[in-house]
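Below are structures written as structure tokens.
Across the two complexes that follow, chain A remains constant while its partner is chain B and subsequently chain C.
Then we have the complex of A and B:
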């Protein structure tokens, strides 16, 4: 039983990281209709930015996030402006190809600036073990789960109550109609990228704190993909939920079935979901009234 | 208030949808733009609202002039801010959003407090919409959706509204209610209206001047009374055959004559 709970708890921790990354994917997809394949790289880049900030200013966690998030949003805005905005009106496929190219560029740039060696990012958080019941946690692990909860709540409130958030859903629902009521679709796209980059920063820093900061961190983007598909590509809150589920599935299948299944199980989920329920658990089926 | 001067629209730089269209909508008037499917009515409205680019369309010559100033390549949001709004064909509501959220988005170009106030004005105009305010817009009936679409447009406090086939797919009773509301807005609030319709009977009843468009060109225009009296309009748009059927040869003659007229 303890072993099971251990699998579950570590599954939730890695799942929280998937969830945060998946939310970033879903946010850009929902607002712009584009799967941003460079999102994993954005997660990595922002984690490295945070690392440099701690090197330079020795910031503790909260101030570090308060600085890293705005910088990340600026990076997101810049990427959208330089690489995505000029593609407006082109077929979605072309834009997706641009994000793939962007991903490779970001990987190269990160490697160039920070080098190939792994680093530790602690941000002044204690590495003592905290016991909850019988289960041992690191503080950073608990922070991951808390961060997912906070980001989910903020995203929910943003989409439900803020004018920009409602406008984002409006653009997703009917872009032409959104233009005709005077919503600046370009601005909404830019905001989506900025917010997605902010989520990437939270995910990146926490992942680096829990594991390590290395140039293969971008791969977490791909590993979060099962969560995005399971939640539904356009379901921002659903993706957060699905991240936890995928984390659990991965950990339990590794624990009880076999070592190699960790990476595989998530992608098996993708295939099953696409066959059975292509819009995911929480995605929008189009509303059709006959 | 709004004027189109020799507007020509191409899709994909190749397909000509609208050619040499000139029309003018004077302040405070209700003007009809009539034509059958594919005549270019919606293209004209999209050109005016600046959303042609979404479908790879472009105004290649001529100009759209609002209040004496050419719109050029202004953004759709800018055009809304200058007081010109469009209710697109088929309602085009934000289906997964609630009715109230739809209306709120209509007021996007204005500040939050103004938008809140105006929602009440829309509810006063369409009490049915108020009853449904917390429902998902996509699940309303067609008539209710049309009311929400018009209400959403009014939220921008427009000086001029363009309606693209508001009667499409609605029961006659509901069409009457909606047309009454539009006429009322025109008379009491001085709202300028450009009404695009396939249903000529309806449109000629409420407007003062009409344009008839076929194959992307304006083939006929005039005061409503003159249009009504026109034999061709009677036969082809009002469905009055004028006694016995005419032979095909006469129909061809009509078409030839009309091309010549344009």
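Then we have the complex of A and C:
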């Protein structure tokens, strides 16, 4: 039983990272209908920005996030304005290709600015082991789980109660109709990118705190993709939940079966979900696949 | 008249031989270096380049190789084998190098092998001492470095004979590739030779960050002597999980874990781990090397130095020695022949003396075991260089 609980607890930790990253994917897809293949790179870039801030100003976690998140949102806005906005009206496939190109650019820029060396990122958070019952955690691991819960609650409240959130749902439901009732679709797209970048910052910083900061962090975007598919490409809250499920599946399959199944189990889930329930556990039935 | 004709023919043959081998003039010898200068592993490439620069500057300052100065021509391959082939093609056809002293990773040097063989290019492989490089032996290829298998065996032997943990249970966590397989060979040999309990082998995909499940399995098996086959961030994350799980560990590591950037990541877990390496990490000879390096490279370069700097420095000196023995009539064939005869060539104590006079044209196989003091992030040498 102890063994099972250990696998579950550590699965929830990595699952929380997947969930945070998956929410960013889903947010942009819901608002714009485009899968942002540069989201993993955005996670990496914002984590490096946070690293530079800690190096320059020795910020602890909360102040660090208070500075990093707005900077990340500005980065998200800039990327949308420079690379995505000019593509409005073009086929979705073309926009997706732009995000793939953007991913390569961001990887190169990150390497150019920060170099190839991996780093520790603690942001003043204790590295002591915290016991919850018999289960050991690092503080940063508990913070990942807490961050997923907070971001999920905020996303729900934002989509349910805020004018912009409701407008975003309207754009997702029918872009032309939303335009006709006076919603600025361009503005909604920009906000979606900014919020997605904010989620990327939270995910990136916490992932780097738990698993080191290295230039291959972008790969976590790909690793989180099964969660996006499982939750539903357009389901922001569902993606968060699916992240936890994928984390659990990965850890339990690796723990009990092994043979590197962790790396493949998530993608097995993608195939099964696409065959059985192509719109995901929480997605809308009529979403368009790209 | 007969003697005169003979002398003329000999002179013509000599100049023809020189003309046949590019990269050599009366004043210069161009040595190629295909290297990882971009991408996540570029810290290795930079360290290699620094080693080449120190050696070349030192040799040139002492008058060069029979009066010819060494020039290093570096091409980036980004650690991609296809690009390694392109890079060496460019070095051969455009830069017209005479020899090669930087060969990137194992897959990269294998990709370049047809060009190396076709051109009888004197080559010292110093950053990828993999069995695939020296078996089968290629006539112009010389390998400098020990196997991962021996490096792990050496460490586990030291742990077995000196630390004697209570109820020892050995375990291995390794990548599911050729490198991981080499580590596994060393581990299995150690477990068999020492008759210790094998807690199991766990394999993981290259690039894995999360080792929680693997280390839970290790703890469940009671492992307290770990052969940690992770590299850099991976190795650090493995130790971090072990610490979280409260595992008392004697940990043997890959030699990449003696590099400063790896130590900075892994020391946080607090384990005084071991590494087995074929270059010196401490001691008077190492200190003397660093002092010497300060004459030729910048402070930034000194900070970027690591074990790959030392091994590349040693390799270029071995190449220079072989070229020097050719006298003025420097040819690739002569250099290869002299490398083949090289025996007990001293490189200032930064690794065991180099001898390529063996069937595999392989040297530098002697390993020293070091232990990290995680608090001070410094290593202590535990054994002399020895073959295992």
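In this section, the second predicted complex is superposed on the first by the 284 of 290 C-alpha atoms of A that agree within 3 Å, B and C clash if a C-alpha of one lies under 4 Å from a C-alpha of the other, contacts with A are read in each partner's own complex, and residues count from 1 in each chain.
Convention: a contact is a pair of C-beta atoms (placed from the backbone, for glycine too) under 8 Å apart; a residue touches a chain by one contact, two chains touch by 3 or more.
Note that this is a predicted model, so its numbers are computed, not measured.
Participant: Looking at A:133 after the superposition, I want to know if it touches chain B, chain C, both of them or none. Which is it: first, second, both, neither?
Facilitator: So A:133 meets neither chain B nor chain C here.
Participant: Name the contact category of A:170: first (chain B only), second (chain C only), both, or neither.
Facilitator: In the superposition, A:170 touches chain B alone.
Participant: Per the contact definition in the header, classify A:91: touching chain B only (first), chain C only (second), both, or neither.
Facilitator: So A:91 meets neither chain B nor chain C here.
Participant: If you stack the two complexes on chain A, which partner ends up touching A:284: first (chain B), second (chain C), both, or neither?
Facilitator: first
Participant: Of the two partners chain B and chain C, indicate the one touching more residues belonging to chain A.
Facilitator: For chain A, the partner with the higher number of touched residues is C.
Participant: With both complexes overlaid on chain A, does A:255 touch chain B (first), chain C (second), both or neither?
Facilitator: second
Participant: Counting contacts the way the document defines them, which residues of chain A are shared by the two interfaces, the one with chain B and the one with chain C?
Facilitator: Looking at chain A, the two contact sets are disjoint.
Participant: In their complex, what parts of chain B are in touch with chain A?
Facilitator: 49-51, 53-54, 56, 75-77, 80-81, 85-86, 88, 92-97, 101-102, 104-106, 108-109, 112, 136, 138-140, 152-153, 155-156
Participant: Would you mind writing out the residues of chain C in touch with chain A in their complex?
Facilitator: 38-43, 176, 202-205, 207-210, 212-214, 216-217, 220, 232-233, 236-237, 240, 243-246, 261, 264-265, 268
Participant: What residues of chain A sit close enough to touch chain B in their complex?
Facilitator: 89, 163, 166-167, 169-170, 173-184, 284, 286-289
Participant: Which residues of chain A touch chain C in the complex?
Facilitator: Those in contact with chain C are residues 3, 6-7, 10-11, 13-14, 111, 115-120, 127, 129, 136-138, 211-212, 214-216, 219-220, 250-252, 254-255, 258-260, 262-263.
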